[in-house]
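Lettered A, B, C and D in written order, each chain numbered from 1.
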Amino acid sequence: MSSIWGENIKISIFGESHGKAIGVVIDGLPSGIELDIEHIKKEMMRRAPGRNNVSTPRKEGDNFDILSGYFNSKTTGTPLTSVIFNTSQKSRDYEATKSILRPSHADYTGYARYAGFNDYRGGGHFSGRLTAPLVFAGAIAKQILQKKNILIASHIKSIGVIEEESFNPVNIDSSIIKGLSDKEFSVLDDDKGREMIEYIVRVKEQEDSVGGVIEGVILNVPVGIGTPIFGAVESKLAQLLFSIPAVKGVEFGMGFDMTKSIGSLMNDELYICDGDIKSYSNNNGGIIGGITSGMPIIFRVAIKPTPSIGKKQRTVDISKCVNTELSTKGRHDPCIVPRAVPVVEAAAALVLLDLMMEKGGLL
Amino acid sequence: MSSIWGENIKISIFGESHGKAIGVVIDGLPSGIELDIEHIKKEMMRRAPGRNNVSTPRKEGDNFDILSGYFNSKTTGTPLTSVIFNTSQKSRDYEATKSILRPSHADYTGYARYAGFNDYRGGGHFSGRLTAPLVFAGAIAKQILQKKNILIASHIKSIGVIEEESFNPVNIDSSIIKGLSDKEFSVLDDDKGREMIEYIVRVKEQEDSVGGVIEGVILNVPVGIGTPIFGAVESKLAQLLFSIPAVKGVEFGMGFDMTKSIGSLMNDELYICDGDIKSYSNNNGGIIGGITSGMPIIFRVAIKPTPSIGKKQRTVDISKCVNTELSTKGRHDPCIVPRAVPVVEAAAALVLLDLMMEKGGLL
Amino acid sequence: MSSIWGENIKISIFGESHGKAIGVVIDGLPSGIELDIEHIKKEMMRRAPGRNNVSTPRKEGDNFDILSGYFNSKTTGTPLTSVIFNTSQKSRDYEATKSILRPSHADYTGYARYAGFNDYRGGGHFSGRLTAPLVFAGAIAKQILQKKNILIASHIKSIGVIEEESFNPVNIDSSIIKGLSDKEFSVLDDDKGREMIEYIVRVKEQEDSVGGVIEGVILNVPVGIGTPIFGAVESKLAQLLFSIPAVKGVEFGMGFDMTKSIGSLMNDELYICDGDIKSYSNNNGGIIGGITSGMPIIFRVAIKPTPSIGKKQRTVDISKCVNTELSTKGRHDPCIVPRAVPVVEAAAALVLLDLMMEKGGLL
Amino acid sequence: MSSIWGENIKISIFGESHGKAIGVVIDGLPSGIELDIEHIKKEMMRRAPGRNNVSTPRKEGDNFDILSGYFNSKTTGTPLTSVIFNTSQKSRDYEATKSILRPSHADYTGYARYAGFNDYRGGGHFSGRLTAPLVFAGAIAKQILQKKNILIASHIKSIGVIEEESFNPVNIDSSIIKGLSDKEFSVLDDDKGREMIEYIVRVKEQEDSVGGVIEGVILNVPVGIGTPIFGAVESKLAQLLFSIPAVKGVEFGMGFDMTKSIGSLMNDELYICDGDIKSYSNNNGGIIGGITSGMPIIFRVAIKPTPSIGKKQRTVDISKCVNTELSTKGRHDPCIVPRAVPVVEAAAALVLLDLMMEKGGLL
């Protein structure tokens, strides 16, 4: 299925970039949860374009309208639906070049998948714009988790070759966590952040694009969440993280670097601390055997350079079946990483909420 | 759910390392498929321990018994069940030390997940032994796909810091593919393979362990498989690959390296080739917008060093709630990577089969 | 999950009777299907209230708005969303009596299920109004099936104790089938229909309500659809039919009457007819062993008397926790059966479409 | 999918009547549950054939072997697998007549569904024998529910036209409930039971068969279980009940009879009783709006006459594509109803357990 996800809560995302609306149905939310609408708006704003000089100047109307499942400022427990009507789309921008396939966009694969009947305008259902409903749903998940003291944050670990330090995997101050979501450019080290922005600006001047890595953390997760084999926490997180457009890699803890080291250095040795079992290190990123260990969950997500670039590229005109060239002028992000930060967090929040609801029931 | 996976075919894996049996129920297989039992046995043997001096000398009885869904040498279309009875387990090995948590094994997380009622012997349901039924199911998936000319192979890209070349992402000779599954140590370059084996031997002498990276390829996949957002091919593959014990990272195409480059170098430019649309490069690893592009699917999987090592480690005795030390003597793999190769391929085959069955139906 | 259904197509229904909107997301539709919007409107109109003197005089705004998945008059293959904005609700009608539980309505069970946070106005998510999006989705399913010559129809088999003849289970003229959907009161025998209407009118005069039985048929279903055990066609149909409010019984073929007869009279004996295998009788209602037999699928659905009646009833005021009395004045149907006809057909169409998409895939 | 069921617990049933084994994998059981193996055996014995003169004299080896998920007499929380090896099957009985389709058996539909590759011996995967693993799983569900004081029982409401009284829907003595499962022939009134047995004997003498109705009850279910629309308790129960071979009708509370009465007589009026809300009547069978009301859940299941009869029947030889005749001699039940009693209860127990696990989670 293209657009339904989840086991204990289910989200159903719909819409196309230039259709009437995009939105999400969230099924399985507990009833009686008072929503902090301002927080949701803030999360949506973190993803929205046009906030600064390193993102597209398009103004997207990310004003959501809750159609169901919300009554007297609280969730009802029945499906909660949120719709964002598309308002500022200039569909004519796309009409003229609709048969020119944009390289590394889903133009060709979407065409093939849907036999040419997909809405090609602005990527249609494949558009990054479809992450807006995901952020909406994730904001609600964050609010529910926060009541259990579970905190989710992320920072831009790298842009191109400019890289900052990682989270301390065993000891993360929750004030840092809370501060990150207030930053316009989510880095731990603002000096590094300025370097990254500078790097993006230079790439943009070359009519090119650049990617980066986002590192996420989930704090205060109880030990024992998840299930072995197919329900591994890594499986669940990776599945949703790879649903975010432009993600091409996901790793947990020390990830790919673990493969270069040895067991005696990578194993997370255990000790008793005030009756709890903790580990001296956290190379496994808080997940062992697919189950949470009680240490912070740490993961990194590789985001490729935005496919839309001003530079001329070779491609195909699918209506004429001939080779041609394309240079994408106009409004697009030279680097999608900053706007992807809240999307990554939303995905993490939804996965964790779904996992937390798995255990127990009335029995 | 811990142990059921799939949408169009569903596999249900069961068993514990030292219980009576492990096995798999495969639901949704087409009827009338003649199984090549010898090929399945060969795939099982590729995963089995004790084949050479870099794996554990344990002899596991991986002889499977098909209990249902198979009649007159063909699949019936009803659930096919395969069971492997456990025969050589020495459970007493584990009884004495059952409360000593092995660091980076699922001993602690499994204990927490199941409130101490899990079968702790040899990792129980968390054991790598549970990948045997996965390989069984994957072998059947491979046979079905091969009739559609879809080939799956993988090689050991690296062991520790010893690394060999990658697959050529745009032009892979199918003879190389076919040869890889016959190799005892699956590398493209046998000289590099000898270096890797030597590296493992030296690590073993130090009573330590090492990990590595497996690179997989799926050849001849039609364009247009998969669905956007949650049904992205990357999502589906990553979900199952992370279900394999010890996997800590997954990337597609150029993966994490894409984040360091720029759009104009990473975009896969398109051209017409004999009426088909192809790309000059394949940095996206055959998947764009979550949908197959018709180029080879390329992915890499990071496998951490085996947690079981002879060196002394700090840990906890959970029954006494005290700190203690542990050194794991006896039968274990200094490097699980070679035995993980057929497991990774099995996972890839199952995902692709599931995806291929998605489209169409009777309509 | 409350509100997501399906395996190969999935529908996600949302909304409350007096909220902003109700609607449905349909995921998994094939792409390129040209929708007959007029036909959808006609199906919606068959369910809508206020059409005649035996239904509620309320005017519901069942004008739907397709928000996604529909482009250039064809389905795109991505989720198709339809929304019906609520316009004529008089919520104040309900506010005054919100704590008086209406007997046999979901007022008490919904309150208990959602800890009092459910939208109580007009039944909220439990309202029969939520069948409007089901009819929308079913109309699309009908159109897809009709291209395969599969026809779905139903008639009012009985109202109270007034009963008409059943479908001929072995030989149904497709002209009868086509005519039924054009009738305002869907009966095979219009004289009996007038008797039924008269019966409803008399019940209404007594400020009471009455139920009835709807008999459905699905014509031209290929043999071999469905799967044994949990995927039985009866299981699938019953599951969705019991999702329709007020349904309290479902039977197939001769149903409960089969239990009173004997095997030699109830078995459907087989014969060859022009190379096809047919049965002389069709007591099993076209389904044997959970699989379609190629004979018409016949089922009957019991619909209870509408709970809303003018007569005084004993009940409870849940806010004060005291016994009280209630008589529901105002707009409600004395008999919901006529309006349930298109809903039953929609459910049947969705089940059949889902089942038809199960077999095969690309393999 | 043919053979996987459930949301919060999942059961995967496999096997063919004359294959090596049948069995079930149960995924999602809570850990630490001590199983009463003797109770499971007793439940299996209630379903087993050959207990008396009204069932087939075949001796089926329903001795189960638990392969996984069970350690130190308790559930581990990982998948619990039970296998019943087939021992007494006489496959040659079927070989000679394998192409003669038995009317109203799944011979023809199974052949069509699986393109002739299904295991035809004794019905294969369609055999009533596959209900044995369902009874196994249901027995465990019953044990878990009983700890919550939830009791499930059923009685034979009718055999052919011989009918006994129904359960009192508002006031059921739990001693009656407990006694029913000890009876060899589960009726409330043993005199009526003798009449029913006599009726079966006479039908058997005529080489014919007869069906009946089983009425089930679930006592002490909390109010507020289930979800509206697709997750209605009636939907869930009906879905699983129709998965039992030979079931052709399901109704709740007053069921089809409700359609003949009027709202003022069928509505269940409410009152306060010691702080709880109860209803004077229980015509809705304990489910309103798809949600449990706290009153006993009451349902009835129609079971058709066994298709296997000694009398000569017209049918088709599918290998020669000609009309022929068949009379089934040998071992078969003249009435399957008594053996279906524990199967119906097992289905009810599994549904209720699954529903009870839905609510809540860790949140």
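Everything below uses one rule, namely that a residue touches a chain if its C-beta (ideal position, glycine included) is under 8 Å from a C-beta of that chain, and two chains touch if they have at least 3 such contacts.
Just so you know, these numbers come straight off a predicted model, no measurement behind them.
Between the interfaces C-D and B-D, more contacting C-beta pairs are found at C-D.
When every chain is reduced to the mean of its CA atoms, the largest separation from chain A belongs to D. Spacing of chain B relative to chain C, judged by their CA centroids, is 46 angstrom. Once the centre of each chain is set as its mean CA position, chain C and chain D turn out to be 26 Å apart.
Centre to centre, using the average C-alpha position, chain B and chain D are separated by 39 Å.
Shown for chain D are the residues in touch with two or more other chains, namely 1-4, 7, 13, 78, 113, 125, 225, 228. The residues of chain A lying in touch with chain B in their complex are 1-5, 7, 13, 101, 103-106, 108-110, 112-113, 123, 125-126, 130, 158, 160-161, 203, 206, 208-213, 223-232, 234-236, 238-243, 245, 247-256, 258-264, 266-272, 275, 277, 279-280, 283-285, 287-294, 302-309, 311, 313-316, 318, 321-323. Considering their complex, residues 1-4, 10, 12-16, 19-23, 25, 27-28, 31-32, 65-69, 71-72, 74-81, 83, 113-119, 124-125 of chain A touch chain C.
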